[in-house]
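Some structures are shown below for you to check.
Each of the two complexes below includes subunit A, the first together with subunit B, the second together with subunit C.
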Partner chain A sequence: MTNTRYRQIKDKAFFYTVCAITAITMIPLISIIWELIKKGIKHINFSFFTEVAPSTLDAMLAKTAGEGMPGGIANGIVGTLLIVSVASLIAIPIGVLAGVQLAEKANSKFSHAIRFTAELLNGVPSIVLGIIAYAWVVRPITGGYSALAGSLALAIMMLPLIIRSTEESIKMLPTSLKEASLALGASYATTTIKIILPSAMSGMFTGILLSISRVMGETAPLILTALGSSVISLDLSKPSSAVPLLIWEFYNDPYLIDMIWSSSLFLLGLILLFNITAKQISKKWKTQ
Partner chain B sequence: MENTIIKLNNPILKLKDISVSYTAGKYAVKDVSARVAMNSITAIMGPSGCGKSTLLRAINRMHDLYPEIKVEGRASLDDKNIYQMNPMHVRKRIGMVFQRPNPFPSMSIYENVLAGYSLNGIKLKKQEKDKIVENCLRDVSLWDEVKDSLHKKGTFLSGGQQQRLCIARSIALEPEILLMDEPTSALDPIATKHIEDLLLELKKRFTIIIVTHNMGQAARISDYSMFMYMGDLVEYDKTAKMFDSPKDKRTAQYLSGQFG
Partner chain C sequence: MKDRALKIGLLVSGTIVLLIMGGIVFTLMSGALPTIKEYGLSFIFSSEWNPNPDREQYGALPFIMGTLMTSFLALLLCIPLSFPIALFTGEYFKGTKAASFISTMVDLLAGIPSIVYGLWGFYTLRPLMVELGLSQQGFGVFTSALVLTIMIIPYATSLSSEFIRMVPNDIKEAAFAMGATRFEVIKKVIFPAAGSGIFASYILALGRALGETMAVTMLIGNVNAIPMGLFDSGNTMASVIANQFGEADGLKLSSLITIGLLLFLLTAIVNSLGRLIIKKLSA
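Right, the complex of A and B next:
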């Protein structure tokens, strides 16, 4: 009897310890969000989304006149959306096809090579990818800093995550699904495109959204490629701004330093939005 | 083996010395020869691991998917060697229903029935589609249960309904032979009864080969029975005759429940 009692206490103690430690992991995120809201919310207004980043002079004049911070981060928002969209257009088809190859021919030498490369790629520092994109695109192709070079650097960063999530989602499908399609006389290609990929869609989509949210906040590779721009530009061959680049610029300018909090709040919010959407979508698809 | 070839007037399928090995030199199915009668139900029985599913999957070339599996021998459909035909053509003429119901999760009930057409790139008019869907679902007596939810996902249905949907999906292509790999082993007795009644109806139009570990099921629905043991086709005869007076000792032991 006492033994049972002891075990019950031990069980409870273990349970509460696990809960307490799990709660600790939430502290950093919550405190980051709290800090950003506290310091950044006051600069977030309509013009924050519609106007380009203020120049040092504008900020200085506004400050001496006792007015609020002028301008916004519209050039950064447009730049981020442009660079990330183009990066996705490059990375998604390649990543999905590589993931299909890995899942379908799991043990071929070629697959082992891809898997190994993707793992290594995942460990390459983002600044190195920026240098690569600089060498491949900035100098030979666009002849100067460009949004395209930034997209390429981010696309390479997105690949490992897309490849892995595609592979895992396809592997989770029962083999009988593929067999059922082939048993109806379908070709291998049709089976992959019409049965396997749609059935694995929820997992793949989650992986794609997570990879987008991952590269959205990247700064280092963009410094070497997209550089930054004070105007809104949709030209891929020209330098472009991005929200993390703006945060970096604001940080380096004593008159604009107040803007880093609101820009960071916006960037974090955007990334969390992608993460939460990814979760919701995968949940919805699963229950369907 | 002599006793494994029974005389049939109009065999639709002839198997000659079929052997299947998963690893070189080890045979899961060894030298099976048999003829399958048209518009009949042929049951393949035997204990677990006897090679019954392996034999069935050799008929529609499902083993092609796995390069390590080797199939030898000759299987002829209308006197043409299945192993020399295009596997996609073979599988259109020889349908298959699996052990676990596997409707395509990304497709609605309606699309599942038509999957054989859409996957083979066959374009149909709306009326033709509606007709095929209704007829096939009526054939598997699922129509009344799902006619108001045709555009919902097939995965919403119960296990038994899903399996009937899978049968509808197979017969929609009008195959000549329908292979069934323990189609009721994942289902409850009522759903099983439903499917068995259905098969008796379907054999008027299709030739059915069903793998089952359930002797009662073989006795209830099949016209012919094969008994396999350790990869060999031990006995093949009319079901009534085999259950009444099995020739081989192993068949007798299996049928009397001494192993299996």
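Right, the complex of A and C next:
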């Protein structure tokens, strides 16, 4: 009998350990979010969104005069939107079409090669993609650091996720859908564009939003490509700022250090917005 | 007509994906060529990193060691944390609100940008290290590994939870019917059944840790020497590229690209190994 008792105690002890460790692991998450809100929220005001990042001198003067931190992160916000939009424009068409290829010709040699490559691509460290974009765009095309190079690095990061989500959402459609369309005399292209893609839309859209949220906070590849800029610029061939790049600049400048928390809070909020929207869409779609 | 256009579109986009991969390998190799010509294999085993023009000499050993030490330590620390979470979401509270709450929280961890982890490590974790007297300034291998641990938990957890959930109910029920406790079912049924899947998810998490850049760059201390202990400063392959790429040219640039190539190969091998195990399991 004591043996049974011992086993039951061991069972309970293990269960409580599992629960305790799960709870403990949540501490860093709460700590990070709490830290960002506590230190960052007071710096977020109207000029935070409309003015460019202050120069070291401006920040120094304001500090010695005892005023609040001047300026905002408008150049970073515009830069992030620009770089991520262009990255999406590059990655979405290629990723969706490659995904269609994988779903339609699942077992061809070509598809196997693409699937293998996409998996490999998914694991390439972002800093390596920074080197690649530097070699492909910064030196030969734009002749210097540029937003376009940053977009290319991020686009390559986005591709695997878009390819896989497209493939998987198309594969989940019933074959009868495709057969019905073909039986009605619709061509292969019409079936794909008017029937398959719209039906798989929500799954694909989830994948696209997730891939955007994944690259939005990337800093390392942008340091090697977009570099950063103190002005708002929409020129793809010029260096551009981005919110993560600004955080990196603020972190390295003792006079601007106060701005890191508000910028990080904003960046995290933006990423979570995309992330949660994506999950919401996929949830809605699954219950239908 | 339209059919052909679509077919060409599919062919072109697929080819682009293949070309990108080929291009990455080609670009890294051709960039690394001057270094390989100069040093050959000894580049990997030399710990001298000296950009001084008079005694220019490059070796990658300190960075390789830094990357391996931080990543494997992170993996080691990650296992006892993520296995219980995977059990929590995949077994104990499978399908309940509690499980989906925890999964959401873990997903949130994956959404936090690397640079924010770096800030948190610098301003929260590092002072803690100093206070505990573990190291003088709080930088170093251990601090970096600790932040890496938290960063890779989501990758290790979500996949291994999936494998735990996939263990068929009948074999669990068979064990319960014999009078086994839950702990015994986990130890003797779930773990043997899902073990290799769990192992694969840890390998994939290791792949993530190897390539992490910003958080580690902010915490490792950026010293170009092999770390002599857990609390010693160092540099990783990713962080030396992030730190020194901007002002580099000539042999130094080539050496940094070579480090990029090595990092690429290392992550590719680790990730392929993880994928291979998963493929074997699902086949």
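The criterion applied here is as follows: the second predicted complex is superposed on the first by the 251 of 288 C-alpha atoms of A that agree within 3 Å, B and C clash if a C-alpha of one lies under 4 Å from a C-alpha of the other, contacts with A are read in each partner's own complex, and residues count from 1 in each chain.
Going forward, a contact is a pair of C-beta atoms (placed from the backbone, for glycine too) under 8 Å apart; a residue touches a chain by one contact, two chains touch by 3 or more.
Source: prediction; values computed, not measured.
Superposition of the two complexes onto subunit A shows subunit B and subunit C fitting side by side, with no clash.
Contacts of A:35 after superposition on the shared chain: subunit C is touched, whereas subunit B is not. In the overlay built on the shared chain, the residue A:224 is in contact with subunit C alone; subunit B does not reach it. Looking at the shared chain after the overlay, A:57 reaches neither subunit B nor subunit C.
Of the two partner chains placed by the overlay, only subunit B lies in contact with A:182; subunit C stays clear of it. In the superposition on chain A, contact of A:174 is made with subunit B only, not with subunit C. Touched residues of subunit A, counted separately for subunit B and subunit C, are more numerous for C. In the superposition on chain A, A:190 makes contact with both subunit B and subunit C. Touch criterion met: A:201 reaches subunit B, while subunit C stays clear of it. Taken over all C-alpha pairs, subunit B and subunit C come no nearer than 11 Å in the superposed arrangement.
Shared interface residues of subunit A (contacting subunit B in one complex, subunit C in the other): 187, 190.
Residue ranges on subunit B touching subunit A, taken from their complex, read 60, 62, 65, 88-92, 95-96, 98-100, 102, 104-106, 115-116, 118-121, 153, 155, 166, 169-170, 173.
Contacts from subunit A toward subunit C in the complex involve residues 7-8, 10-11, 14-15, 17-19, 21-22, 24-26, 28-29, 31-32, 35-36, 93-98, 100-101, 104, 110-111, 113-114, 117-132, 134-136, 156, 159, 163, 187-190, 192-193, 213, 216-220, 223-224, 227, 244, 247-248, 251, 260-261, 264, 267-268, 271-272, 275, 279. Per the touch definition, subunit C reaches subunit A in the complex via residues 2-3, 5-6, 9-14, 16-18, 20-21, 23-24, 27-28, 31, 80-82, 84-85, 87-88, 92, 102, 105-109, 111-120, 122-124, 150, 153, 181-184, 186, 204, 207, 210-214, 217-218, 238, 241-242, 245-246, 256-257, 260, 263-264, 267-268, 270-272, 275. Subunit A meets subunit B in the complex at residues 174, 176-187, 190-191, 194-195, 198-199, 201, 288.
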